[in-house]
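For clarity, chains are labelled A, B and C in written order, and residue numbers in each chain start from 1.
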Amino acid sequence: MEQIVEARRETVARADAPAARVICEALEYETTSAPEFIDITDDVMGVVEAAGIQFGQVSIYSQHTTAAIKINENEPLLLRDMARTLRNFAPPNAYYEHNDFSRRTVNMNEDECANGHAHCQHLFLGASETVPVIDGRIALGTWQRVFLVELDHPRMRRVLVNVVGAG
Amino acid sequence: MEQIVEARRETVARADAPAARVICEALEYETTSAPEFIDITDDVMGVVEAAGIQFGQVSIYSQHTTAAIKINENEPLLLRDMARTLRNFAPPNAYYEHNDFSRRTVNMNEDECANGHAHCQHLFLGASETVPVIDGRIALGTWQRVFLVELDHPRMRRVLVNVVGAG
Amino acid sequence: MEQIVEARRETVARADAPAARVICEALEYETTSAPEFIDITDDVMGVVEAAGIQFGQVSIYSQHTTAAIKINENEPLLLRDMARTLRNFAPPNAYYEHNDFSRRTVNMNEDECANGHAHCQHLFLGASETVPVIDGRIALGTWQRVFLVELDHPRMRRVLVNVVGAG
């Protein structure tokens, strides 16, 4: 496995602005199944373009422990493959101590359901993605789309889109 | 899998500040086992609140290749489920070429131990999480806690809490 | 699993700068196999040091859905272990609906190949890593190196190195 690879390099942004700017918008989605991949790219693009921040970055952040943010391709058959991969990795019907409510001493609430698998899937996915902002737009690659990934029983989910930068 | 979901949208922060501000604090923890989930949320909150940065983001960063940063729920039985998931994914007693010290030509040090499993677990977890800062506070959701995850033999671990923003 | 661990805390950076600064550079690499771990640390360091930004953060971002950015150790035998872990997690020769081109209705292009495994591996790795910048340098730990991870058939890959900060 040879490690020396020559890079081609190009400057794509350079900004010194008189002010630091931050815009944060919350987006809320009603999910319908699990695992479910909800393509939120257009909403995220809208927030970034309305923000008027020319250079910097945008973090897309899920405020949940059983709903993740990921970037991948929006091809319907692939979404089924990724859903199956998640189910195989941590099957809903496997044994999770977290689902044994008789032993739980903390964090029991009326909303609680057997969701150990969703937490274990979330551990390997993550709560956020961070993408550069260039010329006022999110710098996604050709096939990249931003997904809110529902892992648990469907409900209202809250995503923060936080643009930090200059200009 | 239907992809069109209507979002509800709400502005939660908007700041133009006369200066960009950055505060970075290092936190060090003595770990005791592996996999071990150390809840560092209160320390991270303390750094953010002391920083006096009103809007922006905070990155929590592990300076290690066998200790990760993740956000999940702090429920003791769930932490056992997640530890078991990690052990099953890359078992300590499986075969790793990295553990064959007789073949190693680089990166051997006095501290070295058979930790191929810890590196492979870390590959799927990651070194950092990035969370928005709103009104001077880290914008964690109700059940979200920040964990330093020890994957290797216990030792002193160093976490950087880097707040970048305005105001 | 005891959760109360006392942290040692130390301030490593504190900056109030008259301007927010953003520098974004694109790096391009020709990959040669999969999974392939390309150590791009020296190039990333070069971008950060040339940027002249004293404090803030750098995000290293892959503009692809089958090439990831990860931080781990550059030890040749370990890179083989991690490659094997990825192949075992989502084997190239397993069944993926995404590879059934006769059923595909969107996102078919001349470049298309059977890469369902690469997307499923990418789902668990991620598109970016974010690292603090301190005193004008990327704050990597002793053993940390930044890798572009090729998961699909070899080609030209584009990585954005986005430095956001003050000073």
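Assume a residue touches a chain if its C-beta (ideal position, glycine included) is under 8 Å from a C-beta of that chain, and two chains touch if they have at least 3 such contacts.
The structure presented is a predicted model; accordingly, all values stated were derived computationally and were not measured.
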item: Fitting chain A to chain C on CA atoms, where both chains share a sequence, rotation angle to nearest 5 degrees; value: 120
item: Numbering shared by both copies at the chain B-chain A contact, with half separating same from different; value: different
item: Gap in Å, rounded to a whole number, between the CA centres of chain B and chain A; value: 16
item: Where chain B touches two or more other chains, by residue; value: 18-21, 74, 76, 80, 124, 126, 130, 164, 166
item: Of chain C, residues touching chain A in the complex; value: 18-33, 36-40, 43, 47, 59, 61-65, 74, 76, 79-80, 83, 90, 96-98, 100, 103-107, 116, 119-120, 122-124, 126-128, 130, 158, 160, 162, 164, 166
item: Residues of chain B touching chain A in the complex; value: 1-3, 5, 7-21, 55-57, 70-78, 80-82, 85-86, 124-126, 129-132, 134, 139-144, 164-167
